[in-house]
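Just below sit the structures, each encoded as structure tokens.
There are two complexes below, and they share subunit A, which is joined by subunit B in the first and by subunit C in the second.
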Partner chain A sequence: MHNSRREFLKTCAKIGAAMQLGELAPSESLGAEMPALSIAHYRSSPLATDAIAEEARRLTQEAIHALGGIGRFIAKGDVVWVKPNIGWNRIPEQAATTNPDVVATLVSLCHQAGARRVIVSDNPCNPPVACFARSGIQLAAQKAGADCFVMDDRKFRKTSLRGKALPEWELYGDALEINKFINVPIVKQHSSCKATLGMKNLMGVAGGQRNRFHQDLTNTLVDLAAFIRPTLVVMDAVRVLTANGPVGGNLADVKRRDIVAAGTDQVAIDAYGATLLDYKPQEIGYVVEGNARGLGTIDFESLKPRRIEL
Partner chain B sequence: MTFRSLATIAVVAFGIRPSLSPAQSSAQETGYPDLLKLVAPPLPAGAIADRPPHFYNPDTLYQYMDGGADIFVLYGLRTLLHLDGQAGTAELSIDIFDMGAADAAFGMYAAERSPDYHFVPFGAEGYENTGILNFVQDRFYVKLAGFGAGADPVLETWATTLSTRIGRNRTLPPLLSRLPVEHRKEHSEQYMAKDPLGHPFLGPAYLVSYAVGSQESKLLVTLGSDDADAEQRFEQLKEHFAKTGECKAAPEIGARAIRASNSFEGSVIARTVGRYLLVLLNPVSGSEAILKGSVERLQ
Partner chain C sequence: MTRRKASWLVWLRRFTQAAFVLLFIAVFLQAQYQPVNQTGRHVKLFFLLDPFVLISSWLASHTVASGLLFSLLPLGFTFIFGRWFCGWVCPFGSLHNLLSSWSGQTTKVKIATGGYSRWQKTKYYLLLVLLVSSLFGLNLAGWFDPFSVLYRSTATVLYPAVNDGLKSLFGWIYQADPGLGPLKVTSVSEPVYEFLRRTVLPAAQPYFYGTALVAVFFFAVILLNFYRARFWCRYICPLGALLGIAGKNPLIQIERSSELCNQCGLCVANCQGAADPHVPGSWKPAECFYCWNCHSECPKRAVSIGLHLTRGAK
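Presenting the complex of A and B:
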């Protein structure tokens, strides 16, 4: 009886908190297990810039809502790192960097959940100042209230990862001092490893001679993923880069998928992302390795993803 | 004009920060005259560089392109010259890859192109889309990107100027013009420097797609160093098929030609002509003439 009463009070508290955040759908059953993967899809594929921005915002909101809302992941007072792909000196339409409206929506949601500070940053391959501006992410993130900055080379710290390929590596200091990490990749073909998805996006937390990662990219990426363990992955597939990635540049290589997926299983969401490029998940080395190490499941359908059509 | 004076002009013209990094300074002084010549002042379209050009070699290219560097290194990149600048309201990103040889430059260019791109007559061949223009000429693969109002015409001016400055070799690799044109799929040609179809003995090679009716065949032309080399590679091909599938003489194709098949490469017909080994993948009714025509044109 005592346990039942305690559980009842916990449930009341949850209902109250969720109602305050406005994230609780009337049909949610709080006793049920929370979903691990959601896939939000826009039925139309609008062309106007404003309409695409609205699409990206709605898809992001709905993908998070379907997982139980941002309150499931972010608590009052949290310091959150929202980690998009800002790697390339490209405009959003070229789909080499994360959609800025997906990023801005996440920043807003984190603030709504009471986050104390929301950081948006990345360690790009192309000149950082140009990447942050051209991608549209810096402006969008700052408008939404994020602390968006180009990384300071002096802040990378040697960190023990105890990985298969990386016993230690330089990671960005701020990323080691946060409460929550939201990984926000864009889905892209990659000329070296077939696809760049969530686990590949984590390279942006690392400094040093990253070309060495390519000596054993599969294990390196899974080492990073096992160490960082994002709270949440929000995968941008509003536009995807289907050829000549990761750099891209040619609009002819960009296709619209009009999808944002969100999940807590970083292997599963990468497995799903691979299919958006017409790959089988088993073709992506780091997805296979992540599954083998128990970091998540390659069989994303087994998670019974929540699918939302807008 | 000596290289040193060219380099000095380049530094003054780009003129920018009073202190260059040690890497940039040494690059200016010690190498890359052919690349620097291409971006000597005045820059096309009245452009002004943001800073001196930066150079990348196979060891440092990853810093600029991450995993995108692998394929350039595979194709034998020597040096990349990267330059950022402004021309009026357009911001420019200029990449000139010195691939070391015309074959390699074509191979790299062809690896990134798709037959359904919008092709333009710059250099030996090029394609463009909003904000980008890429072309190949001689040993250089040029990738131009522009942002902002008026960028596309600026890129075309840059392409014209760079092509003039490269000067020579505004044609695709000569071998391609010696292969049959009928049924050839436009813009399908590729150059594979190493291990075509996973076999070291087949590289380097050109690969061209042909469409006969609704079916597609691919012609692989391996470049031997001489007739004996081509024969040796042919023997290795026969051995491969004998071990993994079947291989028999095909006198109807030509003296010493073979017809072979396995579960990896499917069906092929093959023979040598001079220093070339010709392999037609997926031969279908009507496509055998492609092999025969290639033999006639390569003799």
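Presenting the complex of A and C:
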């Protein structure tokens, strides 16, 4: 089932609308006072479960607040896909999946901004029901009022991406039906592309034989990023998986960074995320490629990120 | 010949059967890994009613799973009142009941074939083999236990088949997206499918090896209903055999009045268990499911069912 050109253009218009509010809006209409990147850091590194939940919640709120508040991104009546990493059958402490409280906080913020519907979904690598449950994301997202249910495998549609590595691919139908996309990755070490960051997280929108992506991850991820163009990226680095990623499992590989970053430039935020794993941004293939294709800037410091200490 | 209207007792049985079938479906749907609440709590309900599982597992493991002691209740009930369980409770029995009512056999054929057959003893021998095997540590109860067969067939054959069928149908509609201008079929089909997916369909469908074997076994015993009504229950079911032994001389008995009887044979034609309600003095309680068909069908009201306190004093 190939999408016709007409449908492709329709999609472009929708994605473009999302882009206007996301990536392009700050530099053009809202002026320089709106930062493109914010980094919230929690000074104390609490150990109690409740305290970590509170930490994740506050970091997320403050990171969004520093960008100008959720109202900058989400308007009344929006249908939002909040896209965390639910890729693995792991508990939050193992840091292979996005912190559920970061996700839930974003869902609440979207509702506050008047979103009509907030979808929280991902196409996991491990059995989906287990991933959704074990990650704690389904429960947290549903409590926050999101529509969080394992994906419906009928709904992958061959979509024209016109990318370098992906001329077309099966994407989840919702990706073309929503009007706002918030990418919520967790920062992880990755065995084949060094780091799982924002653009890597977009793989969860795709279906089909995704193992083929690994032939050319760099171009594949940038193709996906160029097509999806998230309204906003919120990066969870409360816990960071520093080795044996992306699956992890060993708690000894998990380090606390107590950071949530948010931004509209998906290359810049990934460049910053790389530094949390002690990589130089230039070492991450898809960050370099994203920069080269003009998707964003690898020099995240040039965006004068707003840093918040809590 | 016009079909007689079923008596209220037969309707009461049908409602009870339907209720237990629905209960089975509800319990079955609970028996999957659920995203938030984990697996439902009542998934083993029907096995708790199953004294055959109690005995075979006890013989094999020398321990009693305390929950299974609950099955002594239906067993005790059968000792006193007979094999009602098969006719009124067992959902697998109800399925056979329904299928045999669709067999389309003429009354003449049913009268000729509806009587007791020596082959009905097969189930007692099967029960013996399974229990002896359990005694030597090889518990094969699950191969023939009616709830095991029903659960296994539903979980690995019927449910995946229904799910795949619906998925293909609604998937095709979603991908093709037919419609007239702005009126799209998907605006109806998608909410319907989403509702089904979130209520009765599996969130993720597991598939199983050896499904063909399960399917062949299941459809074989289902199709045998067209040869003899409730073939499984009459000839194979080891739980039925156990309850038959327990209900050999129950308090509630069927009697045929020779004065009123005109030998029309309608009672035996509609007898689910081939328990010979038409042969004077040789009605077989161990084969009777207490379905009340003989009582309901008799044009002369010659069949009566009642308390017989003088047990064994025939």
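Convention: the second predicted complex is superposed on the first by the 277 of 310 C-alpha atoms of A that agree within 3 Å, B and C clash if a C-alpha of one lies under 4 Å from a C-alpha of the other, contacts with A are read in each partner's own complex, and residues count from 1 in each chain.
Convention: a contact is a pair of C-beta atoms (placed from the backbone, for glycine too) under 8 Å apart; a residue touches a chain by one contact, two chains touch by 3 or more.
None of these values were measured; they are calculated from a predicted model.
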item: Subunit B versus subunit C as contact partner of A:Gly173, first or second or both or neither; value: second
item: Partner chain in contact with A:Pro127 - subunit B first, subunit C second, else both or neither; value: both
item: Partner chain in contact with A:Ala243 - subunit B first, subunit C second, else both or neither; value: first
item: Per-residue touch tally on subunit A - higher for subunit B or for subunit C; value: B
item: Which of subunit B and subunit C A:Gln138 touches, first, second, both or neither; value: second
item: Partner chain(s) touched by A:Gly71 [first = subunit B, second = subunit C, both, neither]; value: neither
item: Which superposed partner A:Arg154 touches (first subunit B, second subunit C, both, neither); value: second
item: A:Pro100 touches, of subunit B and subunit C: first, second, both or neither?; value: neither
item: First (subunit B), second (subunit C), both or neither touched by A:Asn89; value: first
item: Common interface positions of subunit A, toward subunit B and toward subunit C; value: 127, 130
item: Touching residues (chain side subunit C, partner subunit A) in the complex; value: 33-36, 38, 167, 170-171, 174-176, 193-194, 197-198, 203-204
item: Parts of subunit A lying in touch with subunit B, wherever the complex brings them together; value: 87, 89, 91, 94, 125-127, 130, 134, 190-193, 196, 203, 210-211, 214, 217, 243-247, 249-253
item: Sites on subunit A touched by subunit C in the complex; value: 1, 127-130, 132-133, 138-139, 142, 149-150, 152-155, 157, 173
item: Residue ranges of subunit B touching subunit A (in the complex, touch as defined); value: 59, 62-71, 84, 93, 112, 114, 116-118, 127, 129-132, 134, 143, 145, 147
